[in-house]
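After the structure tokens below, expect a handful of questions from me.
Here the chain labels run A, B, C and D in written order, and each chain numbers its own residues starting at 1.
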Amino acid sequence: MQMKHLFLDDYSEGAHPRILKALEETNWSQEPGYGDDGFCRQAAEMIKAKIENPSASVHFVSGGTQANIIVLASLLKPYESVIAPQTAHIAIHEAGAIELTGHKVNVVASKNGKITPEQVTAICDEHTGGHTVLPKAVFVSNSTEMGTIYKKSELEGLAEICQQKHLFLYLDGARLGSALTSIESDLSLADLSRLVDVFYIGATKNGALLGEAVVITRPELQPDFRYHIKQRGGLLAKGRLLGIQFVELFRDNLYFNLARHANEMACRLVQGITALGYSFLTPSTTNQIFPILPESTITKLQQIYGFYVWEKMDREDTAIRLVTSWATKDEAVDAFLNDLRTFRGAA
Amino acid sequence: MQMKHLFLDDYSEGAHPRILKALEETNWSQEPGYGDDGFCRQAAEMIKAKIENPSASVHFVSGGTQANIIVLASLLKPYESVIAPQTAHIAIHEAGAIELTGHKVNVVASKNGKITPEQVTAICDEHTGGHTVLPKAVFVSNSTEMGTIYKKSELEGLAEICQQKHLFLYLDGARLGSALTSIESDLSLADLSRLVDVFYIGATKNGALLGEAVVITRPELQPDFRYHIKQRGGLLAKGRLLGIQFVELFRDNLYFNLARHANEMACRLVQGITALGYSFLTPSTTNQIFPILPESTITKLQQIYGFYVWEKMDREDTAIRLVTSWATKDEAVDAFLNDLRTFRGAA
Amino acid sequence: MQMKHLFLDDYSEGAHPRILKALEETNWSQEPGYGDDGFCRQAAEMIKAKIENPSASVHFVSGGTQANIIVLASLLKPYESVIAPQTAHIAIHEAGAIELTGHKVNVVASKNGKITPEQVTAICDEHTGGHTVLPKAVFVSNSTEMGTIYKKSELEGLAEICQQKHLFLYLDGARLGSALTSIESDLSLADLSRLVDVFYIGATKNGALLGEAVVITRPELQPDFRYHIKQRGGLLAKGRLLGIQFVELFRDNLYFNLARHANEMACRLVQGITALGYSFLTPSTTNQIFPILPESTITKLQQIYGFYVWEKMDREDTAIRLVTSWATKDEAVDAFLNDLRTFRGAA
Amino acid sequence: MQMKHLFLDDYSEGAHPRILKALEETNWSQEPGYGDDGFCRQAAEMIKAKIENPSASVHFVSGGTQANIIVLASLLKPYESVIAPQTAHIAIHEAGAIELTGHKVNVVASKNGKITPEQVTAICDEHTGGHTVLPKAVFVSNSTEMGTIYKKSELEGLAEICQQKHLFLYLDGARLGSALTSIESDLSLADLSRLVDVFYIGATKNGALLGEAVVITRPELQPDFRYHIKQRGGLLAKGRLLGIQFVELFRDNLYFNLARHANEMACRLVQGITALGYSFLTPSTTNQIFPILPESTITKLQQIYGFYVWEKMDREDTAIRLVTSWATKDEAVDAFLNDLRTFRGAA
């Protein structure tokens, strides 16, 4: 049997056709290197307009781990640490990239990918006296690695505790499009810019070939940021490659339309799987969902669909991760739900 | 007056049209992420065939500084250093990226961008006794930052001293195409694979959007290299972007044809400038040339051409850097030579 | 009321008088610097004899955090991590010193300061696939930060799992004397040398002014270790200061006698406190004990004794830490027990 | 023939007897650890009085390399570098310790160990544009590694250029006593405190067992410095060991008297060697001198005296380094000069 569709991640295809077309149309323009080109400037202005913060600065890098490395290394002094949920990408899936920059990640227990002001306070209280690291930043991701999102009030709570404790608030937006277009989201880009110190707008997982836009909202954190990018190997000679893509994504609503499509495909999967009587590991309204299925069913699905087996729940049931994207087609969703229905009936 | 042409660098344009076409044609194929895709595998096989070394391993990264960081950090223990010419990219223009990984760069005096076995020996002799760093690698670039190239015998001499002193020999091939297609080069990719421990084949400066292929020729240096890429933020989610481009460059002779074109454009500039009576800072046969011109002439040229002013020679004369590329047109060369002739007449 | 005695730690006094005398007697001998002196050589030979391992190498450094930094940085490649109990000194009280060297500490839950082979296996099983750090070492301390010790069979179990999983086993011996002279210990220095890859023999907390002897039991881990010491700022110009002290501690049984005395003082405290009806946080047979006392009693004790308040147990009771040392006098123990008895009666 | 005397360095003996006596007299006082003891506080106050800067902060560490690591790592952001003479200890003899903290050392040519404002300016001018490191500190040592000293006007010139270029000025005072008591010095400790941002007062090479007092003259550089010490493994459990020694050295003029003695012994050697017709590599008035002698003479001297052969001058002559100290006796100087006279006669 042939593999019908991959629900492995949101970067299985190339790029949205408009991105490729933009690269072609701009191909012969001679531009300065290293992000000093006109496209990067234009994209930065577009983003600053969308976030309603003219004094922000915007930098483009290649990927999420690179963004996290560069931002955190720029924010922290050698003895300072970052607080993060235990499910955070920086806490697990970046191969110790943050520690390689010299900084400890203080993890807090979290099942749904989120962190609360109380947890931040507890970590701060445990780290006093000069013999431990000094927590100086809080890492959140939106949407989280578990598909959940932060409501505006939750982010306001974190912003408040961070201000009180003199912590930077940093938001990993690898899947920010999916978060902001979630049916449950009440956050805007302008809210984000007001509430967090640094965040990035992820495009790799939302239709671009590669690219994340790092936004530094506070002027005092901006000087020399480019040195950090350069020194970590993140400054592309053809920086235009990133600028052109972001111009295309933000010159109208393409960025949000692609993310909304991914969410809708996930939503259809959630509804269909729920209708078949299954539950989920986390209450996701974004493009990553974690249905809990019998292992025998999972084994059959694995023959024809690509996805990650996430976490064993009990002797018989296991949570899997399904990811939809801008490129996911209705047919793929239909096929998956049909096959799941068939396998359930056979069980 | 409008800027006619940029000779600033070899990454002012987008990509060769065949590259863009390949991205379009492969766009909808669903592929695993992080370089585990079919295109990266295919590109690696093609390169291993070209270098005639089936036991080499090939990894794709985004840029030259990133390649240098990752390779050197993987080769050196904390107290070990790398020997390099004072003109080396890692010694100047990477904003201390190598030092950020914890390693000293031992520089040797060099006017033409090259290093000799005698210089390597001298550095080794100066670093004994346990209170200094321990040199463990030699960095060369081909073509060099000064446009010059290593002949096969020169590289053999370096390989020999490295073996004798237990040093790794690493070659930065940001402009390897230009070096190997130089009319004076007697080196092949297979020679390289035999003589050096690690090298990279640069594509960013030879027609790709971005991408360098790191080749580790010795099996004992290969395990876990991918961890270094991951941990330094160099593993692209859509690794296919690099694989597709290298497949296109190496499935026939596109890589070499593009480099040869760049060299031919530079050669025409050299001949024309020489005919006008000017000399050069270094004897380049590649796509970077360093003519020495009167400052008044340079001022006029700067109005209509983009290029770097390199080094003041004396009170009146200064060396500039002109870079040609796969995208440089005969018309641009003609225009530059005509304007230079005009300005000389006017002087 | 005047402070009668500090039970804060085992480094409140200067040094055992024999140490000071040895420094005086050797004072005018002219010796080479940086640990190349005759005393360091002699001390290394003495230690190699005691551990019955002539092929070990011995290096002297100033303190425990320094030893941990240097040893772990020498053992681990950039993407490798160390597994440790959550109570480990490196996990909490070294201000992120291990992370500063670039390495993640993978912590496992532990109440009594110890780690089990099953916990090591679980961490290894969770870290596969190339997107996480790669665990490569296990950190244990003996005695632990919680006053407990490893029995020979426990250490054999850890050595076995480490061999199986290709992990280095490293033992922090800041209080090794106290561990080995515990009435429950069945371990010898020779056992240690056979079971672990690297360990250190702590003297700062056992009668010396400062000094830890790092023992590398396996020849393949020994080359260039001195470079790590030098480069981390750990190589003392007057290395003799460390050598002289270790000669004095190991030329007879002074090292063990001092540790045994500290244990005996702690044992008397344990017996007296138990007799008064109190229990303990951990079952310690070494010089750190953790009695659980009513908060009102603690408040009174704090007026006249120095000690750390460790962990709140419930609404009324809290564990404190009492540390005895080579310098603790019977009178101090008597006084403490008397006062505790008085305060209990008054409650 | 037996070795008569070592002129290898100024740390061949133990400590001045008053230091040992002070350790003995204070031995049983119970003190808090990690530099929070009364002796460290007292020593800090004494030093702040001597430098006439009540708002300075003083910290004690174990050695010079450790001081350099901690100070520079605390001053520099990841992409910033330190400018130093090519003869600087940090540029050669610290095994890449500064690079290990992630920072490049920009070296300037220097024969006599000193750096000029013009050289600082030149380095700054070469490092602009965002692709190189950003120089942010200047490293000087006084006395220098070549035995020379900075006059007040020279240090004022450096302070001025540093202020102008926004650079920190850091002074390595491993041999500060020797510098300040040089017959040619017009500098006081108070001058130093006024002119440089951070410096350290070295005691390891001036009569102590170990210890350097780091002085941070500017309040804005002081917060959290202790974290850097802790995290680099420099915070001694028995911090009292450093405090007690500095109290002894600074409670009267012992520190300066010891240094003056070392200088006087060196001065006698210089006069005697000059009288024999030999010249010197550098014009030293401190305790390190570099006479240039015939190789045959050196060979004979090496049989009975310990010293370093420094630099070959020509076919026949070589500079050696002779170091005197607080412990050098007139007899050793007499003997050396007598033997040199004898060997010269025999030549």
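To be clear about the criterion, a contact is a pair of C-beta atoms (placed from the backbone, for glycine too) under 8 Å apart; a residue touches a chain by one contact, two chains touch by 3 or more.
This one's a predicted model, so the numbers in the text were calculated from it and none came from an experiment.
For subunit A and subunit D, which third chains touch each of them?
Chains touching both subunit A and subunit D: B, C.
Measuring centre to centre, with centres taken as mean CA positions, what chain is farthest from subunit A?
Chain centre farthest from subunit A's centre: D.
Only C-alpha atoms count here: how many degrees separate subunit A from subunit C in terms of the superposing rotation, rounded to the nearest 5?
The superposition gives an angle of 180 degrees.
With chain centres defined as C-alpha means, what is the inter-centre distance between subunit B and subunit D in Å?
43
Whole-Å distance, subunit A centre to subunit B centre, using C-alpha means?
34
Where in subunit B do residues touch at least two different other chains?
Counting only residues that touch two or more other chains, subunit B contributes 78-79, 94-96, 100, 130-131, 134, 227, 230-231.
Note which residues of subunit D are touching subunit B in the complex, please.
Per the stated touch rule, the residues are 78-79, 81, 92-96, 99-105, 130-134.
If you look only at subunit C, which of its residues touch subunit D in the complex?
It comes out as residues 5-6, 8-9, 11-15, 17, 20, 23-24, 26-33, 62-70, 94-97, 100, 204-205, 209-210, 227, 230-238, 240-241, 306, 327.
Under the definition above, what is the set of subunit C residues touching subunit B in their complex?
These residues of subunit C touch subunit B: 34, 73-74, 77-79, 130-131, 134, 224, 226-228, 230-231.
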